[in-house]
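Here come two complexes built around chain A, the first alongside chain B, the second alongside chain C.
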Partner chain A sequence: MKLTIERTALLKSLGHVQSVVERRNTIPILSNVRMEATDRGVSLNATDMDLEIVESVAAQTAVPGSTTAPAHTLYDIVRKLPDGSQVELAYDGGDGQLVLKAGRSRFSLACLPVEDFPAMSAGAFSHTFSLAAAELRGLIDRTRFAISTEETRYYLNGIFLHAADSDGLPVLRAVATDGHRLARAEVPLPEGAKDMPGIIIPRKTVAELRKLIDETGMDVTLALSDQKARFDFDDTRLTSKLIDGTFPDYERVIPTENDKVLEVDCKLFAQAVDRVSAISTEKSRAIKVTVDSGSLTLSASSPDAGSAVEEIEASYDSTAMDIGFNSRYLLDILGQVEGDAVRLTLADAASPTVVRDVADASAVYVLMPMRV
Partner chain B sequence: MKALCRDCLLDLDPQVPHCPRCGSARMVRHTRLDRMDIAHIDCDAFYASVEKRDNPALRDKPLIVGHPGGRGVATTACYIARRSGARSAMPMFKCLELCPDAVVIPPDMAKYKRVSAQVRAIILEATERLEPLSLDEAYLDLSPEEHRFDRPPAASLAEIARRVESEVGISVSIGLSANRFLAKLASDMDKPRGFTVIDPEEAPALLAPLPVGRIHGVGKVTEGKLEAMGLRLIGDLQRQSPDALIARFGKLGRTLHAHAWGQGGRTITPDRDPKSLSAETTFSQDLHRLGDLASHLPPLAARVAGALERRGVSGGTVVLKLKTADFRILTRQVRLTGPTIRGDVISRAAQCLLEREADGRRFRLIGIGVADLHGMAEADPPDLFSRLM
Partner chain C sequence: MTDLSPRTNPDLLGHGDVEREILETQASGRVGHAWLISGPRGVGKATLAYRFARHILAGRLDPPEGEGAMGCGLFGAEAAPVRIAPDAGLGMDPEHPVFRRVVAGSHGDLRVIERAVADEKTGRRKTEIVVGDVRDLAHFMGMTPSEGGWRVVIVDEAETMNRNAANALLKVLEEPPGRAMLLLVSHNPARLLPTIRSRCRRLQLGALGDDILEHLIARHLPELGPEDRRSLVALAEGSIGRAIDLAGQGGLDLCREVISMLGALPRLDVTRLHALGDKVARDDQAFSALAELFPWWLARMTRSGALGQAPAQVISGEAEVAARLLGAAPLDRWIEVWEKVGSLFERARAVHLDRKQTVLSAFLAVEQTLGRS
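Moving on, here comes the complex of A and B:
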């Protein structure tokens, strides 16, 4: 194998590929990136056995062939090469070394046999559909912050993506929850997604997807089975195993009877929450929200730090009440509201509160109160 | 004037030379003995005493605890070695120059910790307000609110000293006064096996002839600065106005003035709250099967949950500890979404961690701990789905 490639293009692709590679690997080959040079360019491939990425990059191939080399080392080298370099990668199989040359630099990297590189069996996909990258981004951004990290409920460690019915309209819906907050976002159901299986996309896949979306302005094609999902971008293909579990019946925890409605300017609210939370203890992050007709008061106190109070204008005409929230959870949600105003629908200090972007009906957030 | 026999705790007539009950001449006397309630207890040549206790052949030999041959300093010199001039914290080579016959033993910190815990347990019976400074010294508060026995503080202290000698096998020196500074100064005045009482009222006179370096917080640098001002003795400091000292030394100036007159803080901060709680068990024979290992988790988790409840705290992180058959310790931890006091939650989290480690390796010990401690009020925050279950 021998090829020449522009440093910038190689760096970008290696950047995608190396982040799939785990820092610590018990299986040595999983630390490596598989490279295959053909007439069309070079394809880079990495996997952690649950998630696989394949990326094609333009390159001048002198001798077609393939090998595997340590992904993080390769990335580190290419990152440090001067901008505008031409990089030559050569592997002749004789001494098992990949030779990288750029300018006056020359590196030799130990390779592992390409035959040992695990291929993720794609299997058959039952559903294939396309989605605008912006739509997929919206689904991810508005839900991923609520993904649970608790392994005891592994089925919450991802985004639940499924077809649903929203007031008679078919939608593609993303839901994530950690039991303390829940986020649900939806987009019109793309053609081909009807009757798709509900899938739980693991957190790491979500993170990789999100990075790739940022660099593509085009559509993303999803192919699904109940075991795997494949995401096709322009030059990149991400194939992921899915979380094998049952996502809980989330609809039942989204309150429908909450009758106390509070509307407030989202930006002012978020800034005030942020300020007041400076006092709440590092550990609990609790702040108290007091609503009374026409006003909203945020307060926090901690035995060590002192106390804080801030009042902001709000539209509210139900009975006065106090409710406690984790300020960080509240800020996570407010950060996703793009409209000017946010609407909180409350029941009482012990029941979940519903948060919505007044200008956007496609997302709903549920927040469990804290005892304050 | 009051007096107390240090060996049998009998209240004595201050005039008698010996205790009429046990014949001991060791007594503690003071006009205001009952009024002093802040104490400092210091184990005499702690590490060396522990080693001598465990090896009676060393008892009459000069002993230095420290790393032989190294470039380090002596951790402890026993009282015999001190006669030749060897001191704790003196470079090892210098100690051996002064005391070439000394037996050198490397420190066994695990053992000293165990002994320290024994001493602490004895003190804790008298007061929970105990502030350890290191393994071998601690301040204690024996004021009426804290003292758990209905007897003068001096009696409890004498009893502590007696029990440490008979039950632990080492000796301590005690300083009793009305503040921390004087208590520590006192414990150092009659070592070893000392018991010194300093009344703050007599302190100025007692302090005046001592060098300024005896004040806690005055090191070489401050000593040099004071010397440059012509202040060598605490008595010299007493003649300075507080303002002059504050102008020169800031906050330290205030402390210098207060200590020079025998004043000082009384607040004893008990042992810091623990940062983690744990329970572990060693198997009668090594285990490797997940099921066998996992069966130990619920009872351990229940013990941890019990400890959390007793302390009134909750844990935000669960730690699994395993010791392999070849004695390697590994710990794995996971942060919970919210702090918990529930044994089943702790056990489930530990089980998740265990599943990743139980790969056929043989283990001899398993333990569960919780760290990242929170208050009880934050424990087990309500969950959206708990209503569904």
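Moving on, here comes the complex of A and C:
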């Protein structure tokens, strides 16, 4: 293998792939990036055995071939090379060393055989469709905070993506929950996604995906099967395993009978919650919300820290009631509301509350109250 | 010496019948989701587990869906009735992609649980499998397979799992996902939780026959002469792992030394005893060989005394020594000595007693027994 490549292009691509590679690896080959040079350029591939990123970059290939080299070391070297330099990568297989030359620098890196590199076979995908990057970002951002971290309920450790029906309109829906809160966001169903299998995208994949979305403005092509999901960006392809489980029937926990409607300015509400929560105990983070006609009072008290009360204006015309929430969960949800006002639909102090963005009907949040 | 670690070893001899049992079960379509492979140490249990794992990972468990599917040839394309070729086994070419990735530890659908390395420098492992080692399994089993087929878990030395680890494994064993296989390897399955045992299909490996063992020793330790080879066969009791360990630790020479010193009883040669003590105090390997061999030899001698049969000759001249010792004291005394020496070495290992002193005490225990009668 022998090729020449522009330093900036290589750095950008290595940056993408090396973020998947764990810093500490007991299996040597997993610290490596697989490089394959063809006439069309070079492809870089890194994996942690749960997900895989393949990046294609333009390069002048003199001799096609492939090898694997330590990802972090390579990234480190390329990062420190002067901007605008041309990098030559050569591997002749003889001594198992990858030689990197740039200007007057010369590096020799230990390689591992390419046959030992994990193969994530994608298999056949049953559904392929495109989605605007902004739409995918919206789906992820509005749900990912609710992903559970509890290992025992592993099927909650991701975002459930599926086709659904929302008041007669077909939608692509993302749902995440940890049992205390639930977030549901949807976009119109893209062409080709009809009858797609419901898939659960693992947390780590969601994080990698989110990073990649930020760097592209183009459409993302999704290819799905019941075992894998593949996301195609411009030059980057992310393939991931899925969570092998059944997502619970979340529709049942979204209340529809809640009749007490509270509308409040989202920004003011969030700031007030944040301030009052300074008093609530580190562990429970509980705050009490008292609603009365036209006003909303937030309060918290803890035996050690003292107490706090703040009142803000709100539109509410039902019976007065007290309800407790975890302030951090409440802030997570309020942080996703982009409109000016937020609408809370309540039933009583022990039932789940529905939170919606007044300006955006495509997202629904459900929050369990706390006893305060 | 070739690398005999089960992960890299492509060969397994002497267990063709067991492999056939696996293939027959597979042909009947009831492979189950968990197998417990038990048998003496060093006969190839883990090697068999890896062979089975590779067999599954290469997709040879399912009848191929169409032509060109990976791993046809074992069964052809037809589903039933399946005939198993007489020489069929679980073998695989070491250059097969699945084999390569299993060796490199980079097969996405294989997890191996074993005692974690406690000390990076010496490679010494922890004494038990702790719950942290097992916990990753839940994540592994909760994800779809990476290469699209089965997910395989090998638990090596399953009996070293502590209670929490065993319970964590049980959790997976109770509700395994589809197309998942757990292979437990244990030389002492009685120490496993009964709830784990009852959920696994048992596969019992026997000791290797002397001819197979001799063949293996000749292959892996070509430097040994025929006489040493035969001694080693007798010493290893059907376990190639033990044979190779003992050979590497200088077990044969140690055994000769011990027997000749026992032969000099009732007068112990104090100079030689001290020399032996010094040797094992310096040399870890020699000590572990001695700790294995000394109690083993006493046990064998006592057993042969109880059965009234002359003990098999490992080292020439051994039978006379054994006969003389047996004649000098009643059997129950020898059982006491065996127990004492065994626990002495065990304690030396566990709490790092002074090694030389341990060896001296062991020989003195034998001498005292002779002296008392």
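Definition applied: the second predicted complex is superposed on the first by the 368 of 372 C-alpha atoms of A that agree within 3 Å, B and C clash if a C-alpha of one lies under 4 Å from a C-alpha of the other, contacts with A are read in each partner's own complex, and residues count from 1 in each chain.
Note that in this section a residue touches a chain if its C-beta (ideal position, glycine included) is under 8 Å from a C-beta of that chain, and two chains touch if they have at least 3 such contacts.
Note that the coordinates shown come from a computational prediction; the quantities given were computed from them, not determined experimentally.
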Partners on chain A (chain B, chain C) - clash or fit: clash
Partner chain in contact with A:208 - chain B first, chain C second, else both or neither: neither
Partner contacting more residues of chain A (chain B vs chain C): C
Partner chain(s) touched by A:115 [first = chain B, second = chain C, both, neither]: second
Partner chain(s) touched by A:152 [first = chain B, second = chain C, both, neither]: both
First (chain B), second (chain C), both or neither touched by A:248: first
Partner chain in contact with A:29 - chain B first, chain C second, else both or neither: second
Which of chain B and chain C A:123 touches, first, second, both or neither: second
Partner chain(s) touched by A:135 [first = chain B, second = chain C, both, neither]: neither
Partner chain in contact with A:227 - chain B first, chain C second, else both or neither: second
Partner chain(s) touched by A:50 [first = chain B, second = chain C, both, neither]: second
Residues of chain A contacting chain B in one complex and chain C in the other: 151-152
Residue ranges of chain B touching chain A (in the complex, touch as defined): 316, 334-338, 345, 348-349, 351-352, 372, 374-375, 377-378, 381-388
Touching residues (chain side chain C, partner chain A) in the complex: 97, 100-101, 103-108, 135, 138-139, 141-148, 177
Chain B partner contacts - residues on chain A that touch it in the complex: 148-152, 177-182, 248-249, 252-253, 283-284, 286, 350, 352, 366, 368-371
Chain C partner contacts - residues on chain A that touch it in the complex: 26-30, 47, 49-50, 112-113, 115-121, 123, 151-152, 154-155, 157, 202, 226-228, 241-245
